[in-house]
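There are two complexes below, and they share chain A, which is joined by chain B in the first and by chain C in the second.
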Partner chain A sequence: MNINTEKKNEVIICHIDGDININTSPQLRKAFEEFVEKDMKKIIVDFSSVSYIDSSGLATFIELLQRLKKSGGSFRICSMNQKVKNIFEVTKLHKIFEIFDTQSSAENNF
Partner chain B sequence: MVISLTLPSELKIVPETTLGIIKKIKSKNINDDTLFNLRLALEEALVNAIKHGNKQNKERKVIVKIAVSLNKITMEIKDEGQGFNHNKLSSPIEAKNLKKPYGRGVFLIKKLMDKVEFFDGGSRIKMVKSLTRRKEGQ
Partner chain C sequence: MSENVSKEEPIISLKNVSKYFQDKKTIDNVSLDIYRGETFVIMGCSGSGKSTMVRLMTGILKPDEGSIFIKGKDIAKISSEELDEVRKTFGMLFQYSALLDSLTVEENVALPIKEHAKLADEIIDIIIKMKLSLVGLRGYEKYYPSQISGGMRKRVGLARAIALDPDIVFYDEPTSGLDPVVGGAIDKLIKELSEKLLITSVVITHDMQSVFNIADRVAMIHKGRIVDVMPAKVLNNSSNPYIQQFINGRPNGPIDFFKEDINIEEIFGL
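Moving on, here comes the complex of A and B:
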């Protein structure tokens, strides 16, 4: 899995490329911790190149949500493929995350 | 097709092992949605067996048996732990549990598979999925 970030104004856009699983979740968690430590409060996670996520990956996003909430920040998820989206829907996590079809719609929502 | 494996209790081997199995199954013309669900259920079951069953004790093994027939796939995972009562697991989709990071593995398995049974006090899980084949050219 590769993680590339770009900054657009005050929004950090995190592009993830690859599977989010028990081996790659720690790398993602570390990246998210750095965002929080650097006081980045607006984050968009781009799922367009994510084809797989397991429960450890879901846990990583819930932890990010909780940490950002404590620090007054928030994040959006965008561009999920249907299979990955289905996992968020089956687990009802689409109710607690802000999920957008496109990156631009996520950007406009901040 | 029958696949039998004995795995060491190492979490890091789970994704690669699962992908290897899915690659073999893929040759049976199974559609992508089913393959995705099989992969996730298998990975969650293996992680549970290694992490919660065998407590990552490298001397303990995980036995995997997979049988693919014309209409269904059966995946059995057996660990050397003490088992657990799957009926006592709390539902991760209840409002009070929704924001808890963990506790979704067995729930996902039950949702993604057509039939899930536990044996030997919970140390053996049997998952069955009906198969939908890809049409020619897909």
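Moving on, here comes the complex of A and C:
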């Protein structure tokens, strides 16, 4: 898994490439920790190159949500494929995340 | 699920598997294919070899003859490290794999996660909450097994079995010791989890109600042999005398409960 970040105005766009699983999710957590430490308040996570996310990955996103809630930040997820979308849906997590079809729609009014 | 699966590559494939205990052939030349996403039930009487079958498929026992392929790998031939890797993708809910009484519900569910992965405690806590809510046990994290009912303990076992997002879950007699209502609830949960999480489920049981509740396909095992395999929905119409006797619970038929060939002298050491 690779993480590439770019900054657009005050929004951090985080492109993830590869599976988010028990071996790679700690790396993602580290990246998220940095965002929170640097007091980034607006984060978009681009899922277009993610084909699988396991429970440790989902937990990593839940933790990010918890932390951003405390710091007054928020984040959006975009460009999930159907398989990944299903994983969020069966765990009902699609209800707590802001999910957008495309990156540009996620950037809108953020 | 049960139809049109034959063209796919099976996720589990047994080829001419036999297992002996001492000289007794406990599993006798079994060949079986199980496909991704199906709930496959192996039913049979006590002592027919069901638990031995799961132990073989999970690599706990090695076959004396034949091969067992899991996702294309012959698990009897791979190294123990490779076998560990394959087994990480299994969940197991075994007949006697009770919860540890000295640990809380959340600590029990955490066991496989801590064993297999280096994750932060905060992440593990979130995973446990996710799993417990999937089995309908949100809020029971701090309870001890002795403080909850038998059905709830099974649910905790189920949460533990799916802790690491397995793609195959093996169940050995998941409803044994439960009353029919609680057993039915466990069946419903197994079915739901299989469907939602796209898990392949292999269920060993002698509980006929459970077979009708959950099975896509059913194999009947008798004296270590697979006597038939069929979609669950045609079970009732099967003319196979073993199936008929088993599903109707008849004492008379090809399944003999009392061995007729016993040697009375031998019993008394004469």
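Keep this in mind: the second predicted complex is superposed on the first by the 109 of 110 C-alpha atoms of A that agree within 3 Å, B and C clash if a C-alpha of one lies under 4 Å from a C-alpha of the other, contacts with A are read in each partner's own complex, and residues count from 1 in each chain.
Simple rule for what comes next: a contact is a pair of C-beta atoms (placed from the backbone, for glycine too) under 8 Å apart; a residue touches a chain by one contact, two chains touch by 3 or more.
These numbers were taken from a predicted model, which means no experiment stands behind them.
Q: Should A:Glu98 be classified as contacting the first partner (chain B), the second (chain C), both, or neither?
A: In the superposition, A:Glu98 touches no partner, neither chain B nor chain C.
Q: So in the superposed three-chain picture, is A:Glu107 touching just chain B, just chain C, both, or none of them (first/second/both/neither)?
A: Touch partners of A:Glu107: none, neither chain B nor chain C.
Q: Looking only at chain A, is it chain B or chain C that touches more of its residues?
A: B
Q: Touch check for A:Glu63: first (chain B), second (chain C), both, or neither?
A: both
Q: Taking the superposition on A as described, I'd like to know which of chain B and chain C A:Val90 touches: first, second, both or neither.
A: both
Q: Touch check for A:Ser25: first (chain B), second (chain C), both, or neither?
A: So A:Ser25 only meets chain C here.
Q: Overlap of the chain B and chain C footprints on chain A, residue-wise?
A: After superposing on chain A, chain A residues 22, 54-56, 58-60, 62-63, 90-91 contact both chain B and chain C.
Q: Residues of chain C touching chain A in their complex?
A: Counting only chain C, the residues touching chain A are 116-120, 122-124, 126-127, 130-131, 134, 163-165, 196-197.
Q: In the complex formed with chain C, which residues of chain A make contact?
A: Result: residues 22, 25-26, 29, 54-56, 58-60, 62-63, 90-91 of chain A touch chain C.
Q: Spell out the residues on chain A that touch chain B in their complex, using ranges where they run on.
A: Within the complex, chain A contacts chain B at residues 19, 21-23, 52, 54-56, 58-60, 62-63, 65-66, 83, 87, 90-93, 95-96.
Q: Please output the residues of chain B touching chain A within their complex, sorted ascending.
A: Interface residues on the chain B side: 11-12, 14-15, 32-33, 36, 39-40, 43-44, 47, 92-93, 98-102, 104-105, 107-108, 111-112.
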